[in-house]
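Below is one structure, written out as C-alpha cells; the observations come after it.
Which chain is which? They are A, B, C, D, E and F, in the order written, and residues in each are numbered from 1.
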Amino acid sequence: MFNELGGMNLLERRRVRTGIEGLDYLLSGGLPEGRTYLVAGEAGTGKTIFALQYVYKGVEYGENGVYVTIDERPEHIVEDALTIGWDLEKLVDENKLMLVELTPYFASVKKINAEKIVEDLKRFIDEIKAKRLVIDPIAPLIIRSEEAIDLISAEFYVRNYIRSLIFSLDELNVTTIATSEIPTGTNKLSRYGVEEFLASGVIVLSLRRVNGTFSREIYIRKMRGVEHNMDVHTFIIQKGRGIVISL
Amino acid sequence: MFNELGGMNLLERRRVRTGIEGLDYLLSGGLPEGRTYLVAGEAGTGKTIFALQYVYKGVEYGENGVYVTIDERPEHIVEDALTIGWDLEKLVDENKLMLVELTPYFASVKKINAEKIVEDLKRFIDEIKAKRLVIDPIAPLIIRSEEAIDLISAEFYVRNYIRSLIFSLDELNVTTIATSEIPTGTNKLSRYGVEEFLASGVIVLSLRRVNGTFSREIYIRKMRGVEHNMDVHTFIIQKGRGIVISL
Amino acid sequence: MFNELGGMNLLERRRVRTGIEGLDYLLSGGLPEGRTYLVAGEAGTGKTIFALQYVYKGVEYGENGVYVTIDERPEHIVEDALTIGWDLEKLVDENKLMLVELTPYFASVKKINAEKIVEDLKRFIDEIKAKRLVIDPIAPLIIRSEEAIDLISAEFYVRNYIRSLIFSLDELNVTTIATSEIPTGTNKLSRYGVEEFLASGVIVLSLRRVNGTFSREIYIRKMRGVEHNMDVHTFIIQKGRGIVISL
Amino acid sequence: MFNELGGMNLLERRRVRTGIEGLDYLLSGGLPEGRTYLVAGEAGTGKTIFALQYVYKGVEYGENGVYVTIDERPEHIVEDALTIGWDLEKLVDENKLMLVELTPYFASVKKINAEKIVEDLKRFIDEIKAKRLVIDPIAPLIIRSEEAIDLISAEFYVRNYIRSLIFSLDELNVTTIATSEIPTGTNKLSRYGVEEFLASGVIVLSLRRVNGTFSREIYIRKMRGVEHNMDVHTFIIQKGRGIVISL
Amino acid sequence: MFNELGGMNLLERRRVRTGIEGLDYLLSGGLPEGRTYLVAGEAGTGKTIFALQYVYKGVEYGENGVYVTIDERPEHIVEDALTIGWDLEKLVDENKLMLVELTPYFASVKKINAEKIVEDLKRFIDEIKAKRLVIDPIAPLIIRSEEAIDLISAEFYVRNYIRSLIFSLDELNVTTIATSEIPTGTNKLSRYGVEEFLASGVIVLSLRRVNGTFSREIYIRKMRGVEHNMDVHTFIIQKGRGIVISL
Amino acid sequence: MFNELGGMNLLERRRVRTGIEGLDYLLSGGLPEGRTYLVAGEAGTGKTIFALQYVYKGVEYGENGVYVTIDERPEHIVEDALTIGWDLEKLVDENKLMLVELTPYFASVKKINAEKIVEDLKRFIDEIKAKRLVIDPIAPLIIRSEEAIDLISAEFYVRNYIRSLIFSLDELNVTTIATSEIPTGTNKLSRYGVEEFLASGVIVLSLRRVNGTFSREIYIRKMRGVEHNMDVHTFIIQKGRGIVISL
C-alpha cells in the first residue's frame, strides 16, 4: 500500500517469499504470513503455474505445502509441473508436499459440508506440518445454499460463506494462495465479485493483446500492510524457472 | 457543493477533521458533524487506510472512535495500522479506541437483528464517549430479507433498510465513515446503487492505469452543505503519515 | 420543444418561475403551471439544491411550498439550505413552507398506502395554500407490490403506479418538482426507466470529468408545451445564490 | 425500401400523408394506408408532437382522427397542441377529432381486457368515421399476463400480444401511428424489442449531442412496400408548423 | 468456408440459386440443397425482401415455394411484393406458390403443437411439390414450455426445440430460408443466441450509418460445405429486381 | 505456457498431432495425450472443420476416432467433409472412424442420463479402439437439472456437471476436442463461462472484420503443460487441406 519502497518495517509480520523471481522484491520481501491471497486471472493467464511455484519453492525454503486441486486431476498437476522441471512426486514422497483432490466432495451436489472441508484441510496441514496452502481455484468451494434463494439473499449468502471460509483458513496457521477466475471478457477480479474484498491481497495475471500477439502481465492490485510497487510488469514462463518477471 | 472555496460559513455545523492531509482543506475544514459519509472504491484503493487514519487522527484531535470491522479480523487491522506506524492497541488500552468485530452476528445467516446491531453500537460509543464511528465496509450490513422477494421489492427493501440504518447512525451523535465497495470493473459507486443517494457525502478513491503503472486518485463526489473542491487529486500512502494528497 | 426562443405564447398556461437564474430564460419564462417535472441526476449533481431553490424562491415570488423529503432528515435539509444562505425555518414559522418527512410511512414495509400519501399531501398543500411541491426523491415512493410478480408484470405495475401518482399530483393544483436518481454509471434518466416518459418535463444535471476536475452541467431534456433551449450549460453553486447557470 | 426515389408505383396502396413537411417527400408520398407504424424515440425527442401533427393535418386533408392518450391527460394534450398553434378542441367540437383517455382501463391492474380496448376503439372510429388513429404510447397496452410466467414464456407472450393487437388495429380500416419509447441510454427501438419487427414501418426520432447542444434528427428505419430515403435529417419544432425537416 | 473461389465441387450437393443477383456468385453457385439457412438482420434491413425474392425467383427457376408468414398478414406480403414488381397472387393462382399464415396457431397461447406445425408444412409442400420453404421469421415458432422453467433449463429447452425444428424441416426435402431477428442495438445474430449454431448457414443483412445516411450491407457469415466469399458487400433494393448486390 | 519454443521436454506426455498444418508447430509437437481441449469460436469461425480435420488426419496417423455430433446430422457432416476432400464414409467403412449422433438422447427433455452418455461413448471408443474423440459442440451436453434451481445453485450445478463430464472423458484414454460456442457478440470463450477453466487447453478461432472483409484468426489461449506460441495467426480453409495457418 506504500508508494515508496525500501523503508524498514520493524513491526510487521514475517514475510513469506512467493518464490517468484521479481515478485518478492515488488512485495518488499513477500506476503505477510498467515493470511489468504488471491491470484486472479482469466483462463490461460498462468494462475496454476503461480500456485505450483509457490509451493515448490516453499519446500526449497523449508516450508511444506498442501496443494488443493478441485477442477484438475492431481496427476495432471504433477505432469504439468514436470514440464517446467518441478518434480512434485519427489516432494510428495518426502512428505514435504501433499496433493489433495477435493473433487469427491462434489460427487453429490447435496451433501457438501464446508466445515468438514476445513477440518480435513487442517488434518492434512498438521500431517506434514505445512506452512503453505494453495486452493486452485476458490470458486467451486462456494457451494450452493440448501434452499432456493433470491438475489439479495444470494449476495448475502455468498459473502458470508467466503468470509467464513477465509477466516477458517487464517486459523490454520498457513499462508494461503487461492486462485480466482476472472470470467473471460469481463473487468471483474473474481467469479462472485466479493472475493477480492475479503482476501488480504490480490495479485492479477493477465494477457494483453499487442498487435498480433499476447503478452503476459502481472501487477499487485491490493496488499494489506505491505509497501508494494504499483507498476504493471510483463513476465514469461520459463522451463526450469517458472514465472520470471521483467523488472 | 460550492465551487468557490474560502467563504465564511457562520451557520454551518461544526466540522470534523478527517485527519487526511489535504482533504480537510478540500472540504473547507472537514466533514459536517454527526452525519454518515461513504468512502467508495474498488478493492485495493485504500478505503481501510482512509478509515484507520480517520479514527487514529481523531484520537489525536481528542475525539475517541469506534471502528467496526466486518470482513477483516481486528488483529489484522491492528497489524496493518502498525505497518504505517499507527499503534491502535495503545489507543485501545487507553480507552480511546474500540475495535469491534461484527462478524459473529453473521455466524447464523438467519438470526441477524439490525436493531440489535445499532443498540450495540450505541453501547460501545457511550462506553468510550466516541465521536467517530467507522463501518468497514457497509455492504454486509444489508442483510437478507426474511422472505424471498422479487426484484421490485428488493429495490424497495434495500433502500428502506439502508435509510433506516443511516438514520439510526445519525442519532448516535457520531460522525460516521462507511466504506463502500465499488464492484470491480463497473462505474457504480456502491454495491446496491442506492448507498450514495442516502449518505450525506461520497468521497471516491480509485486506481487509474497510466501507461505501465497505477496511480491513486481521490475526489469529493458529493458533500451536502459543504463548499467543496471538485478536482481529482492524486495521493500516495506513506509510512508514518498514511494518505497524503497532492494539492 | 421549440427551437426558436422568444415567440409569443398567448394561449399557454401560466408559467412558474424556477427561481434558478438563467433557467427561466432557457424555459421562455418558466415551467407550465400545475404539472410534474423531473430533475434528474446522479448522486452529487445538485438535485436537492435545485429543489430547495425552487421552493425558497417560490416564497419570494409569493408562492408557498411543500417540500417532501424521504431519504434525508428535514433538519439536515434545513442545515444544508442555511449553508447557502436560505433560512427555511423562518419560512416554516411564517407558514410559507412546510417540510414533510415521509419516512415514517416506510417504517413498516408492508403497510404503505399510496392513496393515503396523496391525501396527506393534499392536506398539507391546503393548509398553507401551497402552489409548489417538491418530492425529493421520487424513487422510494414506488412501493412494492403486495404480491410477488414476474418481470413483465413489474414493468406494468411500476408504470401504472407512477402514472397514477403523477395524475394524482396534477390534481393537487401545484407545480411539482420530483428529483430522479440516475443510477451511477448508467445512461438512464431515472431509477425505473419510465419516469421520464410520464413526467411533463425533464431537466438533467450532470458532472462531467474534464481533465483533472469535474464540471457541473444542466440541460433541458424534455419540456411539453414549451419553447426551450437545447444547449448544455455549465453551472456553479454559489453561496447566497444557489445554482447559477452560465449562459 | 427502395434506394432510388421517384419511380411510379401503379400497384401500391393509397398513401396517407403524414402532414409533416419533408417527411411525405422522403416517403415517396406518405404511409401506405391501413397499417400500423411506430414512431420511436427516447423521452423528449418529439414523438407526441409528431403524433399530434399527424391527426391535426389529417383533418385538414379531410381525414378524421382518433387520438388515444394513455400516459398523459387529454387536457394536457390540448394545451400542448395549442402552444404550437393547433386548436384541437375546435376539431373535437366539429366531430373531426376524438381524444380518448385509456387510463381508466388501468385503474385496476387486474381487470384489463385487450379485446374490449379494440372494441371501444372501433366504436370511436366508427362514430366520427376516422381514417387515422394514434396510440401514444403503445408500451402500456402490453398488459401483464394473468399468471406469473418465466422469461421464455414472457418473450412468447409479449410477441403474441403485440401481434394480435396490431392485427386487430389493421382491421379497423385506419392508418395507425403508435409511439414507441426507446428506453433512455439504450440502442433499442422499443420497450420490448419486438414492436419494430411487428409494425409495418419505423420512423426514428433522436437527440444527438453535438458539442455543447442537442440537435434533433429523424430517419426512416423501416417501411414495408415503400421506396424510402435512408438519410438522417435534422428537424426543428416550429410554432405554427410543428415538425419541419431540413432536406 | 473456403477462401478461394472457383474450384470444382464434384461431390457437393446440388446448389439452390437464391435468385439474388451477386449472392449466388459469392456462394459459388448457391445454397446446398435441402438444408436450413438463416437470413439475419435488425428491423428494416431487408429480410422479408430477401425471402420473397428467394421464392419468387425460385418459381422462375421451376421450383415451387411455400412462404410461411407469422408476424405479417399474407395480403400485406402480396402488396409489398407488388411494389417491387413481383406478382405473388399470379403464382398462387398457378399453384406455384403457397402463402401460409401461421398466426392462427398462436391465437391460443396454450394449445400450440410443434409437431402439428411441421405436419401441416409437409402437407402444403406436398400439395404444390414445393422445393423451397420460407419461414419469416423463425423466432415466434419457439413456443413456450408448458411448465415454468429456470434459466439453465430454458437454455436447454430452446436449443432442443430449435434443433428438433430444423431437423424436421430438413426432412421435408426443401431448402429453407428462415429469417432471424437481430435484437436492435445488440451484436447478436438471433433472438435466442443459438439459432446461428444450429442452421447450416447464416447470411447477415445490416444497416451501417455512414455520415448522414444509412447504407445496406450483406455478408455470408457461415455456410457449411461451401466455398464462400468473406467480403462485406453493399446492396440496394431496386424496383423490378429486388436486392442487387454491388460486387 | 512457455514463451520460448524449442526446448526439450523429456518428461512430457506423448503429444497428439492435431493434423492442422502450422498448429502442431505452435504447440511444440501437438496436444498432450489423454486430455480434453476446447476449440472455441462464434458461429462460422470453422470449429467443425477443425474437429473434422483432427479426426480425419488422426486416421492418417494411425489413430482411430469417434466423432460425436449433436446439433448436426451425421450425413451433413459427411457431406461437408467431402467438400474439402475428406471421405469420411470410407473411414467409417474401414472401422477407423465412428460418427455418432447424440441427438436421440434429447428427444425427451426429461430422461437424459449423463452417465449413460459416457458409458455409450466408452463402448464406441472400445469398438474401434479409438484414440481421438470429438464432441461437437459441448454446450448441449450440459443438461438441465431435474429440479428448478436459483442462480447460485446453477453456477454450482453447471460447474460440477462439466467437471464430472471432463473427468469421465479423461478416463476414456482418448484425446478429446470439444467445440465451444462463443455467444455471438460477446467476449466470452464459452456458453457457460466455466468450460475454459475446466479444459486442459483452449484454442480460439475468430473472424476479424478488416475494412470490407472478414479475416480468419487462430491463437492458443491456454495449454497446460505445453510450451506454446502466443501469436495470433491468420488462416484459410483450403480444398484438400482444410485449415492452413499462415506462420
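The rule we apply is simple: contacts are C-beta pairs under 8 Å (C-beta built on N, C-alpha and C of every residue); 3 or more make two chains touch, one makes a residue touch a chain.
Keep in mind that this is a model prediction, so the values were computed, not measured.
Considering the contact criterion stated above, no chain is in touch with chain B and with chain C alike.
Between chain B and chain D, the least number of touching-chain steps is 2. Minimum number of contact steps separating chain A from chain D: 3. Taking the mean Cα position of each chain as its centre, E sits at the greatest distance from chain B.
Between the two copies, chain D and chain E, the C-alpha superposition involves a rotation of 60 degrees in steps of 5.
Each chain gets one centre point, the mean of its Cα atoms, and the points for chain C and chain F are 58 Å apart. Chain C has its Cα centroid 51 Å from the Cα centroid of chain A. If each chain is reduced to the centroid of its CA atoms, chain A and chain F end up 29 Å from each other.
In chain F, the residues touching two or more other chains are 148-151, 157, 186. The touch graph of the protein chains shown is a ring with every node of degree two. Listing the residues of chain C that touch chain D in their complex gives 1-4, 7, 9, 11-13, 32, 35, 148-153, 155-157, 159-160, 163-164, 167, 170, 186-190, 193-194, 196-198, 200, 202, 219, 221-227, 230-233. Here chain B touches chain A in the complex through residues 43-44, 46, 48-49, 71-73, 76, 79-80, 82-84, 103, 106-107, 109, 137, 139-140, 142-145, 148-151, 154, 157-158, 181, 183-186, 191, 207, 209, 212-216, 236-239, going by the rule given at the top.
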